[in-house]
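What follows is chain A paired twice: with chain B in the first complex and chain C in the second.
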Partner chain A sequence: MFIGTDRLTHTYMPGTPYAKKALDNVSFEIKQGGFALVIGRSGSGKSTLIQHLNGLLKPTSGRVFFDGHDLGQKGNELLKIRRKIGLVFQMPEELFFSETIFDEIAFAPRNLGLEETEVQTRVIEALEEVGMEAEQFIDRHPFQLSAGQKRMVALAAVLSLRPEVLILDEPTAGLDHSGQKILFKLLASLNKKKNMTFIICTHHLDQVAALADQVLVLQEGRLVMDGFPQKIFGRRSQLIKMGLSPPVTAEIMADLAERGLDVRSDIFNLEDARAEINRLRRHRVK
Partner chain B sequence: MSRSITLGQYYPGKSLIHRLNPRAKILSLVMVLILLFSLHTYEALLAQLAVALLLIWNTRVPFRYFLRGLRPILYIALFAIIIYFFFTSGGVVLLRIGFITVESHGVQQGIFIILRLITLVLFSLLLTLTTTPLALTHGIGYFLKPLRYVGLPTEEIAMIMAIALRFIPTLMEESQRLMRAQVSRGADFETGSIFRRAKSLVPLIVPLFVSAFRRADDLALAMEARGYQVGAVRTRMYEDTIMPLDWTVLLVVIAMVAVAWILGL
Partner chain C sequence: MVNRSEIIIEAKDLAYQYTGEEEASSPALSGVNISVHRGEYIALIGPNGSGKTTLLKLFNALLVPTNGEVRVEGISTFDEENILSIRRHCGMIFQNPDNQLVATTVEEDIAFGLENLTLPSAEIQKRVGQVSSVLGLQDLLQQAPHMLSGGEKQRVAIAGVLAMQPGCILMDEPTAMLDPAGRNDVLQTVQHLNSEQGLAVVHVTHFPEEAVMADRVVVLEDGRLVAQGSPKEILGNTSLLHGLGLQSTAAVELASLLRQDGFDLPEGIITNRELVNSICSLEQTD
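Let's turn to the complex of A and B:
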């Protein structure tokens, strides 16, 4: 058991007329080095779930575990563990408050109480990790950056904690296509090279679907599907019924199948789709 | 999200009082408050308290919400007890501690004042617990209207109040979101000296201001795009009409005030 939950239930504002059960009996597990997607309509409990994984919210009932620890417990122990789980919120650049990019990224390691030399090492390391030249950027004001660069700095501001798990909530919101591409490329390399575990909440599956090895589907606070991407995205009609849009490639394949072509139904990324369409074309030429 | 997001105190419901027009409720409250201040007999005051309790029962709002609303007046009540019990003379001496005496007139008056205060707050809570903040603002805006003739921009004041009310929960939610996000970056808002804690608020306040200004900008643009003009008279999507029920309630309140006045209570 690396990270996950056990019969996790969370109710907001219990005991008031506004009480709302946001999570209902959710149990799952993500392996170390895994790359999980959490999908579901807005209000399905995604944000509530990831905030539990970081210990920001306490379960109403059930357990949240990480590396053998129970995150529902109180105390300093929890604080130490929490640092290993980085959480990148939606639009993380809205959290900027410092006058230089250096201070912004240094915020987290300084909060760990590290020596200033160590802080500096980490800031530079984090900036390099997101593909930004440290020398060129550390003294600039965070608000001077482009949207894509801001997002990268925000990511670096969490990477400077050297987390083992990185949770991202809608990481591509507000980014253009190339910005999204760069971001996912970065996440994929962190996942492969550093064996960092990823948990990503998103509505835009097109680019990220190919990276995932696990997909969790939430509906009204309940975990309704959990499995390999092939399996989940294969259940296209069910996803659509839940108001979710499968990756475009899966849609195209389904469309081709509907027109009587003999295509595989478990394709959800660009590479496989291209290979499959090429196969079909060769088949036709013959 | 938390408890504090329920701005004001509105408790949803469908009772008679919930359904009343906010203007009728505000006018009734003003009359009742004036009546309460002019009462000087115990019988009349207890009758008013009974009316308040009856109405509270009718709203189906749990009584603990009213108790919570009464909490702030606890200190005022304590103060009143001290002043009246110890410093008002007259009547029978009930207690003597050294040179301080507690006399019956003082006790009587002290309890009267406290009961009056409680009744007053209960009636006010009846308004705020059964009316959405927005409806309340519109109601207040209506009564401000005559002030336009002395040059007060009442439409704008009402708009400012409505916008402020609308954004309090939004900003609260925002600040909580920001707080959690900074906590996940290792921020600590709770421990340390006052100076340290004040300094630790910077990562919260700066983003909050940035987002508040951005929201204000967006809102101003959206309002202009929809033809908002300073000084123009606004019409509303949902007009709150005064129903026969509202008139009935107003008449009952007027009758109550009249009876009290005629009987010289």
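Let's turn to the complex of A and C:
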């Protein structure tokens, strides 16, 4: 097992009148080099789950594994393991604490004890990876950025650690289209070339669905579906009933199918939708 | 009836430069002329860093212009004595639902702004009652705001603004953090307030689907107003949007790909339904 949980349960404020079981007996596994999406309504437990995956929260019961380690059993070693698992929070910009963007991104590599020249290389590389011109930004204060720019800096701050696993909580919120394209191109390339493992919580599946090879669905703290994207997004009516929405291209294709056209609806991006509609026409002409 | 020729917000030759921004860098906004009419729904779009948030902040006097002038219901935002009245005329909703709720119950939160107006408590009671019934919050009034879902939190924030009886509501990516159900919830609420109560809306969004419901779409690029028009004009103009690194709705994008493939689709398709209908009628006439 690379990364995953075994019968993980988490209760916030146990033993008080406010006790809240946010995760209930959740077990799953993600393979090294996998690309998993975690979806579910707000409050379903997504953020709670991923905070366990890098040891920020401790299970009430059950276990969390990473690369042969039981995260709950590790004392001093936990810190070392956690460096391999990068986590970008839902509102990362609220956690900025440095005076300059350079220092914000340099913080983690400096913490690793790297030489300052290596730190500098990593900062500049990370900014370039997220499509921001280093020279224009490194000396600015992190708060002097637009919402989307802050998002990208937060991502760069984690990339500078060069983690093995990258966990992102709602990474596209606030990013414009080209920012999203840069983000997904970057994730796809890190996934393919460096075999980096991804775990992404998101409500916006339109672009990311095509990259994923696994989808986990949470409902009120329980893992109710786990499988290939085709399989999960194929259960359209079930997802909609849960308050979730399949990728928009899948919706368009399903509407066409409902109107009697012979098209597949497990389609997650524009190019595939285009090809499928064209196939239908060619089919008819023949 | 609302008089749609009446102007609520008028901005003339507006420019804004953040202090501390490098001399060389272009101002966050420059040369912007725009008016918001009573009852009008404006969608404000543009790449990250193009000046959308800055424009909203200038509208409700969180910032004052470096050049030019903003008038809200005739009052200049330079007029410090009337800042409260400007904020009452046009209230603001932010992206993160967690940052704008301050009180311990929903009811107190909705009343918060009213208390500052030193209204008689009977009037406060009355208004809280009114807005909570309009927004369907009657059953949540005694709840703690942090216990609500994201969509509910945004509705409470909207109720707080609405209780001030504003002519206009400014919303900065109000659905970016919400799940699909919460997003629908907020969008339907705002549409209802716009069409039934004549509330003017300025809605910043990165979702082209959310611009479809506007009367007018305004496009910013690099601090300048570069285009405006009806949703069909702006969302149908893929070369404009692509030139800015933006994308239109999935229906527009797919229709334009299919036209390249020789599908004889009519112009003016912007919604899924329009696309599906057009494709089906082509198939029938084949």
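We adopt the following convention: the second predicted complex is superposed on the first by the 268 of 286 C-alpha atoms of A that agree within 3 Å, B and C clash if a C-alpha of one lies under 4 Å from a C-alpha of the other, contacts with A are read in each partner's own complex, and residues count from 1 in each chain.
Simple rule for what comes next: contacts are C-beta pairs under 8 Å (C-beta built on N, C-alpha and C of every residue); 3 or more make two chains touch, one makes a residue touch a chain.
If you're wondering where the values come from, they're calculated on a predicted model, not measured in any experiment.
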On chain A, do chain B and chain C fit together or clash when superposed? clash
When both complexes are superposed, which of chain B and chain C contacts more residues belonging to chain A? C
Considering only the touch criterion stated at the top, classify A:157 as touching first (chain B), second (chain C), both, or neither. first
Report for A:97: first if it touches chain B alone, second if chain C alone, otherwise both or neither. first
Is A:149 in contact with chain B, with chain C, with both, or with neither (first, second, both, neither)? second
Touching A:278 in the superposition: chain B (first), chain C (second), both, neither? second
Going by the contact rule set out at the top, does A:33 touch chain B (first), chain C (second), both, or neither? neither
After superposition on the shared chain, which partner residues are touched by A:12: those of chain B (first), chain C (second), both, or neither? first
Residues on chain A in contact with chain B in one complex and with chain C in the other? none
Which bits of chain B are touching chain A when the two form their complex? 1-3, 5-6, 11-12, 177-178, 180-188, 202-207, 210-211
Looking at the complex, which residues from chain A come into contact with chain B? 12-13, 16-18, 51, 54, 56, 82-83, 86-87, 89, 92, 94-97, 107-108, 111-112, 157-158, 161
Looking at the complex, which residues from chain A come into contact with chain C? 40-43, 90-91, 136, 141, 144-149, 170, 173-179, 203, 206, 243-245, 248-249, 251-252, 255-256, 259-261, 270-271, 273-274, 277-278, 280-281, 284
Looking at the complex, which residues from chain C come into contact with chain A? 18, 20-21, 25, 46-50, 53, 95-96, 98, 149-151, 173, 176-183, 206, 209, 245-247, 250-251, 253-254, 257-258, 261, 263, 272-273, 275-276, 279-280, 283, 286
